[in-house]
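What follows are several structures.
Note that chain A is present in both complexes that follow, paired respectively with chain B and with chain C.
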Partner chain A sequence: MAKVTIDGHSIEVADGTTILQAARMIGGDIVPPTMCYYSKLKTSGGYCRTCIVKVTKGSEKDPRPMPKPVASCRTTVMDGMEVVNITSPEVLEARRGVVEFLLINHPLDCPICDQAGECHLQDLGYEHGLAKTRYDFPRRTFNTIDLGPYIKMHMTRCIMCFRCVKTADQITDYRVHGMLNRGDASEISTYIQKAIDNDFSGNIIDVCPVGALTDRTFRFKSRVWFTKPMDAHRNCTKCSGKVALWLKGNDVLRVTGRKDKWGEVEEFICNECRFEKKNVSDWIIEGPRHIDRHSVISANHYESLAQLKLDIGKQQKALSTKK
Partner chain B sequence: MQSLTNRSKVVSKKEMTLVERMYLPAIFSGMLITLSHFFKRKPTIKYPEQKREFSGVYRGQHVLKRDEKGAERCTACGLCAVACPAEAITMTAAERKPGEENLYREEKYAAKYEINMLRCIFCGDCEEACPKEAIFLTDRQVNVYGQRKSFVYGKDILVEPKDNPIDLSKRQSAAVKEFKTHQEFGHNQTYDKNRKVKVGGHH
Partner chain C sequence: MGKKLLIHNDNVPNIHTLQVYREHGGYASVEKALKSMTPNDVVEEVKKSGLRGRGGAGFPTGMKWSFLAKPEGVPRYLVCNADESEPGTFKDRYLMEKVPHALVEGMITSSYALGANTAYIYIRGEYFYVSRILEKAIEEAYAAGYLGKNILGTNYSLDLYVQVGGGAYICGEETALLESLEGKRGNPRIKPPFPAIAGLYGCPTVVNNVETIAAVCPIVMMGGDEYAKIGVGRSTGTKLISASGHINKPGVYEIELGLPVEEFIYSDEYCGGIINGRKLKAVIAGGSSVPILPAELILKNDKGEPRLMTYESLSEGGFATGTMLGSGGFMVYDETTSIVKNLYTLARFYHHESCGQCSPCREGTGWMEKVLHRIVEGHGKPGDIDLLWDIQKKIEGNTICPLGDAAAWPVASAIRHFRHEFEEYINNPGKIKDVKHYYSTQSA
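Up next is the complex of A and B:
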């Protein structure tokens, strides 16, 4: 067991836990944001540097601080380690720089992008107030590619997080796509544009933190904040069948995995559930999904009318006791 | 009962004097007031022939602008619809096909775009929300119709005619025009690969 202190919050964790996992156990604002780390994918993380933190005390035995900010997703805790994240202006400044780098080649096409409204890069850019760019040179551009009949790839939007490559590696039976070229010229490719044909290939859409991989069956159908997310399930022989339906009226516009509060899917779902079951009658709807109230999707989204009444009742009670 | 305001007066019913009972002085004083108005400036205008000048930022009927090449600016991003407090705006997006570059500015466009002018409260929030400088309110007024359905304006009315662009120069303040010159905000540019780059231009 190791005791680690993050922004003044202490927690005992098992040896081998990373700083990021420890921070997630504590929860709240001190959790570093992640763009490439995905707890469900092995060896993910370490590419984007968004989760950097400062280690002010290495361990009980060796209390020297680490010389540079470290990627919290790849650094394991030591007993007595002290870490600062949001309490350190230096870390916030460094992260701001990382976000600026991520945005250098990212096109500002959020008004077109289907990911807008649930995009991690959008949130990150917003949180760090990066409204302007210092980059004067042409951004790299690619043509869009259809990865099979269901997936659209906008390489221009990609931030090289490798999540999709790792998904293809670990979830599907054999890998048909990877990274080509190096540095600024690198791109995700399916080698000779071979169509991805696998029962679980659709999950690369869910793991993509930006709008580089999007659902072709949902392409430009609706903006996410006009759809109503519902929890639903069905009996599926290939996967758990537990999904989130994105409805507009009685139309199932999109089916995705259920994402937890870290934006990671709880269970990977199969392509049949994701792309082929687009009728409400295919599903057993459990009820509205919980949407964070800071999300634009929560506009006009009531998870429970009873809860709403309860909240209003509480507010009224609070007001009357004030008098 | 307690009065709501302190302005209530007790009505007196005293008997009128002889002059008051004749009514004539009151009639003449009233006529004098009427007569004096013949020599005052008229507050009304002869409407259809004469029209009042509107403020430069008057919020009337919307327009969907085209860019300098004549392509529609709207990308159906839905921000106007989500900003609209009256929920007057609906739209359906579609994907631009190859060869339609001169019609639509970006790869997504509004295939259908409707504003219900009966719902609209002309608050201008759509104009403010638009990231593409596509929708503006203008100093034109919405027509009067006999049927409710006529007030649902589609793209046929909203998109500005190619040959008769609608001048919005009065609507944009000096501060807005100044902001648009700042390239570092990446304000509403479609990326031009051949753009000249200042090398070593910083500091």
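Up next is the complex of A and C:
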């Protein structure tokens, strides 16, 4: 066990826990934002640098502070470690810098982007970005690519988090896409426009924090905040079949994995569930999905209604037990 | 005349052949180490010598070696970093080209000290012809029994390979080098784990610069204590300096650490003064990544004491008034140089060589290059200097590997010491159209 203090909050965690995981256990404002880290994918994280924190005390044994800011998602805690995140102006300044770097070549085409409303870069920009850009050069552009029948690639929006690369490595049988070129000319692409074609390829859409990889069966159908997420399941031979359906009226507009409050899917789902079962009759609907994230979707009115009902139920139960 | 340990016989005809090299005392350190010393003895000698990494960071080599994890049943590797890509540095090429056996000998002795049975020399793609020279030398060493099974009749075996890289600057970073050596894309790894725990193929690995490894031979021969007597303070031994720029005698010089910078620039034994008798303007003392210093700060530090060619003396005063010894790429600029243009060239280099993994370096290097290009072309805006300063500050320290720092430091130091030149560029764009003419008339 190791005791770690983040912004004055102490917690005892198992050895080998990262600073970020410890911060998530504490919860609240002190959790560093992440763009490339994905707890379900091994070796993810460390690239985007948004989660950088300052270690002011290395450990009980070696109390020297770490000389540079560290990526909290890849740095494991030591007993007695002290970390500052939101209480350090330097860290916040550095993070603002990282957000600015992520945005200078981003097209900011949110009005026509399918990811808008559930985009991590939008959230990050709101929280840490500048209102005005200081970058007055033409932005980097790429052509959009169809990665097979289901996935569309907008490289201009990509922030190089490598999540889709790790997903292809770890979830699917083989990987046909990766990083080409280097520096700010680098791009994620397939080998000579090869299609990404395997049963779990659709998961790269779920892990993409921005709108670089979008679902071709959902493109331009609706803004996400006009659709209503429902938990649903079906008997699937390939995956657990537990999904989130995004409904508009009685139409299933899209199917995704169930995402937790960090935007990470609970279980990866197969392409059959994701792309081919687009009728309500294909699914057993469990009920409205709670989106535990500060976003426009969680402000859906029907959900607060459901919450209300739940509360009434609780009160009734409490009353009945009192008697 | 300073003592020379590494390139003392570089002008002997046919020194690149094993026979001539051995006639001049070569491979003695292998015989001494393997026959009369234990691996730990060698490590102890290196520790005593105070040898510091010659690749740029200056980390004590003996300490690095003692960090190497030694789990049972797992192979250990020694990798020589011959990916000398730092602009202004060409000392390793000279050493490998002239005296290839010095490196091979150092590799054998060092591998023995570390208990490695396989060693690699990772050389940059542009040095392809040097790799042929090294391969020839290794072939000779195998034939003479210095490499292979049971070297010199002892039960120590070593295989040495040369691997040619693709010529990327980033592959000089040790973990990117290991990735490249494994056959992957040369992207730096996220540390920890450090290579001493999990390096090449996940096994404990030591990565050392060519010059560091070559310096192990004289240390074994003369003993660590004797070696430590050369130099000043914690900067011991000799160092190869690649001198270039506006000097009368550019080239590779072996100096004893502790030589005054002024003597190095002006003495006939070394650089021989500034070309055409012009005035010294600035010096980049250790390869393009280290901060540039104006003449008054490179010859004397802020306290007025003369600066010496040592790790400590050059970094005296921190980055505000100091620099670093780095890899020893000593670039001298005379009064006709435009610092802004020079900086633009460097910024273009770092932009081109950024690997693209982490955001600050990927986006920041490109941004800095674009802003500098605008200034150089005469379209600079009044806020550009502050913008550049802010960008470099946000890159420095926030990246996975030191390339971000390397891109940020030259920009920071050029603005710190030569801000007036940037202002000149921005305020009088018409005047600087013919930069060469402008600067030569300014100084006249």
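Convention: the second predicted complex is superposed on the first by the 296 of 323 C-alpha atoms of A that agree within 3 Å, B and C clash if a C-alpha of one lies under 4 Å from a C-alpha of the other, contacts with A are read in each partner's own complex, and residues count from 1 in each chain.
Simple rule for what comes next: a residue touches a chain if its C-beta (ideal position, glycine included) is under 8 Å from a C-beta of that chain, and two chains touch if they have at least 3 such contacts.
As the structure is a prediction and not an experimental result, all values here were calculated from the model.
Within the superposed three-chain model, A:Ile291 lies out of touch with both chain B and chain C [touch as defined at top]. Chain A has more of its residues touched by C than by the other of chain B and chain C.
Contacts of A:Ala131 after superposition: chain B is touched, whereas chain C is not reached.
In the superposition on chain A, A:Ile145 makes contact with neither chain B nor chain C. Common to the chain B and chain C interfaces on chain A are residues 134, 137.
Contact residues of chain B toward chain A in the complex are 75-79, 81-82, 93-95, 106-108, 131-132, 182-186, 191-193, 195, 197-198, 201-202.
Looking at the complex, you find that chain A touches chain C at residues 45-50, 52, 67-69, 71, 74, 76, 93-94, 96-98, 100-102, 104-105, 134-135, 137, 159-160, 162, 178-179, 181-186.
Note for the complex: chain A touches chain B at residues 107-112, 116, 131-134, 136-139, 141, 219-223, 225-226, 296, 299. Residues 168, 170, 185, 190, 192, 351-360, 362-367, 370, 387, 393-395, 397-400 of chain C are the ones touching chain A in the complex.
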